[in-house]
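Look at the two complexes coming up: chain A is in both, with chain B in one and chain C in the other.
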Partner chain A sequence: MTISSSTEQICFILLGLTVIVGALGVVLINNIVYSAFLLGGVFMGVAGLYLLLNASFVAAAQVLVYVGAVNVLILFAIMLVNKREELKPIKALQIRKILSAGVCGGLLILLFRVDLTTKWSTPGPAAIGEKATERIGEHLFSDYLLPFELASVLLLMAMIGAIVLARRDVLTSDVVTGDVVNQNLIEKSNEPILIDQSNKQ
Partner chain B sequence: MNIASAPIPLQGYLLIASMLFCIGVWGLINSRNAVRVLMSIELMLNAVNINLMAFSSYIDGDLIRGQVFTVFVITVAAAEAAVGLAILISLYRNRTTVDMESFNLLKW
Partner chain C sequence: MPEMGATLITTQSMTAPGDLLNLSLNASAVIPEGFVLLALIGTLLVDLAGEKTAAKWSPPICYFGLGSALLFLSLQWNGNPDSSFLGAFLADNLAIAFRSVVALSTLISLLISWRYAEKSGSPVGEYAAILLAATLGGMLLCGSTDLISIFVSLETLSVASYLLSGYLKRDARSSEAALKYLLVGSAAAAVFLYGASLLYGLSGSTNLQVIGIALINSPTPLAALALVFILATVAFKIAAVPFHQWTPDVYEGSPTPVVAFLSVGSKAAGFGLAIRLLVGCFNAFDTEWKLLFTVLAVLSMSLGNIVALAQTSMKRMLAYSSIGQAGFVMIGLVCGTEDGYAAMILYMAAYLFMNLGAFACIILFSLRTGSDRISDYAGLYQKDPLITLGLSLCLLSLGGIPPMLGFFGKIYLFFAGWADGQYLLVIVGLITSVISIYYYISVIKMMVVKEPQEASELVKSYPLIKWETMGLPPLRFALLTCVLATAIGGIVSNPLFQWANSAVAGTPILQQALEIAYKGNLG
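After this line comes the complex of A and B, so read on.
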């Protein structure tokens, strides 16, 4: 028993527990803000698993993109829409939860069986370890060049799409009367257009 | 060679990824808050990434194509989160709720 391998095992078990318990917290905790912070913990745990797999570049990308961008974006969205609202009760909600838990448990058992009974062709070729970052760069600029360029186009499309979807149209003149609209009050409350009109009458 | 000195098997990573994926599926089905649905999708994407990274390290250790795929998946996930949250905010502005059960205009 060497120190390095037992340290590796302890780290693996701790990170695995962090990921699984954190994920359970994300889906089970009622307060959505706690869920978002736990999601950040799950992302950090996954980054730690990548470090155990000798993939420092992807671990850094995981921390930068997931914890730094996606999680912060989710927190901002929660701040924008977090209104205490009473959810309408739904009949048979408990039955629905139990049924879906059964389906997911079945899927889990199936996946476990596939994981444990398949004869994976390990060990493969020797891992290149610390040279992984260089190898990723070589891949990105040779045989994965087209997906790399397409990813940049996709990011541009996502950026423009997000701006178009989320912005609020401000009109300089009233559509009906043609009068100039008071621009001091951009954040005025406008009537939501798709609200169920039947319960107003 | 006892069990304590053995390296971590590939199956360990696969089991963690399976559990994470199933938790994500359950959360996706049962969440009533639309933000939590997006979080569940991120969990599932992370489970897939763990699988790709484990296979890349254990079976394709020389060429590590799985790590390149993971970088692309992270890119697409970031784009998905941005557009998804924009749609969510637009929905919230129109319906003043984030309850998934009230987004049923196209249901039947």
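After this line comes the complex of A and C, so read on.
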């Protein structure tokens, strides 16, 4: 065993442990801020795994997008909704936890079994390392051109939607008839569904 | 020319993509989508000039975009089914048929939504733009032949649908619907990605044709797992039981025109995706997915139609009935015969008219009274004969009463199922059809046979019928078109039959699947 391969193995074990322990922490810890920071750790671990696989571009994108944008956004959301509220205890929480743990455990065992019995086509194509960026660019403008262009429509639409949902100026009158409007469904509510409106007065 | 497509795909996986830059894109296949995109940008630009201008100019821009899209779709019919964008998109007749259904459903949904959007005080320009983006995603989804383009178009459709269902942000029900839809939908998208990554790992390609060949050569348990994951996503999109839990709440909380689009356009795109993935890619697991879909179809037909019996809200009833209708369409998919596919396409087209007709009526009713409770429809025929007649015809057609369009669609589906030996499905379908006729008729009975003094309070104080307000004439036009197509379409349904059959005949992947099934029967 050469030095390089043993280093690689040690790195892999460390990164793998980080990802697994971090992911378990995200799910099991009750404090949501800890969960969010652990999620950042998991993303970093995955980026490290990409680096081990000689995919530096994907690793950089992972750090920029997931750690830099997604995770920070989650933290912002947590800090903005800084509201202590006593929630009603959920009925039979223990049984639900055991049930979902059972389902997830079953899925894990199934995945292990399938993973071990499948004949993977290893080794895959050799990593191209430094040329990855160039190759990705070529793909984006050849066989992945359509999804690439469509993604721009998706982003545009998501931006418009976010603005519409977030902006405060709501129309107060019907643009055609001038009647007073309130941005509610036309169908009057029969009974409150999720939010209890009885103690709002 | 399937051989040429195959060589193109093999060269694609062998050579560096740099050499691909010299190949032809064949981009004319997406001209219809281009017009939808133009209309989207047009509505956004018009919207800059203020709400009044937007309310005036958005409708014609949308009509122009969708109308030209439909025109170019009809020009593509029986065109060359070469894959375009180097294997990412295929404009065969199947794709064209489903893309037309999606585009037409958007057109009709827009016609019936202007007045609703204005009366609820929501910005009209952005509403149309987001709905057009959903259409764009749905249309591209029907023709995608590559996992990446499938995923991106699926997300475009889904994200736009979440936004639309939460569009009336001041209403708690609308926000709840959007949140539920977002959470369940994101989970479904994640499951799809997991399945897609397994498929990529097995075959080394994201192209459905290449994956299909790899799966035939080496069917592994892993592929079966990927099949289950991908099937779950498809079932979520078409709201098949047990992946239907989001449907009733989302349908009840979303603005009603959005529900009209979700129940037809989004569902048609889901069925297009189902055929593309299951028939085009999972041919090696033919018996497995047919068994799974049989279970889904039986559950959807029975649960959807039985729970619909107990509903008091019109929107919720139509939500459950749409779950049942999806179950009927699945019979055609499970058959896998020429008639089965043709019946699926025909029923989707029929469902478009009858369901959107019903939605046009309930939107008009809620615009005039502000209610969608079934009991509020009592005695309506004396005050508003048009809604009564239109809703009755559409509901009768949904129930499958001759001589409506829905009857011919349903009888064709059952005929195809019986001919293929799917006796369980056909019997369950027949029984649940009878159940569905019961709850459809009870709405009609509520409207028609009540004595004047038994009419509901809302109907007693029914406003004078006026059509002058801007946004109401398009609604009337859509209502009359849908009701006419539903009522007369059944009698002159022969062109529709021919259209559905030629859609199957002009689709290489369906022809290949039929050939394989035929050889299997002989051997």
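Worth pointing out:
In this section, the second predicted complex is superposed on the first by the 167 of 201 C-alpha atoms of A that agree within 3 Å, B and C clash if a C-alpha of one lies under 4 Å from a C-alpha of the other, contacts with A are read in each partner's own complex, and residues count from 1 in each chain.
Simple rule for what comes next: a residue touches a chain if its C-beta (ideal position, glycine included) is under 8 Å from a C-beta of that chain, and two chains touch if they have at least 3 such contacts.
Worth saying up front: this structure is predicted, and the values here are computed from it rather than measured.
By the touch criterion defined above, A:161 lies against chain B and chain C together after alignment on the C-alpha atoms of chain A.
Which of chain B and chain C touches more residues of chain A: that partner is B. Of the two partner chains, chain C is the only one touched by A:153; chain B is not.
Legend: residue contacts after superposition of the two complexes on their common chain; A:100 is shown touching chain B, with no touch to chain C. With both structures placed on the common chain, the touch criterion links A:24 to chain B but leaves chain C unconnected. Contacts of A:3 after superposition: neither chain B nor chain C is touched. Contacts of A:62 after superposition on the shared chain: chain B is touched, whereas chain C is not. In the superposed model, A:117 makes contact with chain C only, not with chain B. In the overlay built on the shared chain, the residue A:179 is in contact with chain C alone; chain B does not reach it. When the two structures are aligned on the shared chain, A:144 is found in touch with chain B and with chain C. Chain A uses residues 111, 115, 120-121, 124-125, 135, 139, 144, 147, 151, 154, 157-158, 161, 163, 165, 192-195 to touch chain B in one structure and chain C in the other.
Residue ranges on chain C touching chain A, taken from their complex, read 12, 16-18, 20-21, 23, 25, 30, 37, 40, 44, 51-52, 55, 85-89, 116, 118-124, 126, 129-130, 133, 136-137, 140, 144, 146, 148-149, 151-153, 155-156, 159-160, 163, 166-174, 176, 201-202, 204, 218, 220-222, 225, 249, 252-253, 255-256, 312-313, 315, 366-367, 370-373, 469-471. Against chain B, in their complex, chain A makes its touches with residues 1-2, 5-6, 8-9, 12, 16, 19-20, 23-24, 26-27, 32, 35-36, 39, 42-43, 46, 49-50, 52-55, 57-58, 61-62, 65-66, 69-70, 73-74, 76-78, 80-81, 83, 85, 87-88, 90, 96-97, 100-101, 104-105, 107-108, 111-112, 115-116, 120-128, 132, 135-136, 139-140, 144, 147, 151, 154-155, 157-159, 161-163, 165-166, 168, 192-195.
In the complex of the two chains, the chain B residues touching chain A come out as 2, 4-16, 18-27, 29-36, 38-40, 42-43, 46, 49-50, 53-54, 56-65, 67-68, 70-72, 74-83, 85-90, 92-99, 101-102, 105. Here chain A touches chain C in the complex through residues 110-111, 113-115, 117-121, 124-125, 135, 138-139, 141-147, 150-151, 153-154, 156-158, 160-161, 163-165, 170-177, 179, 181-190, 192-195, 197, going by the rule given at the top.
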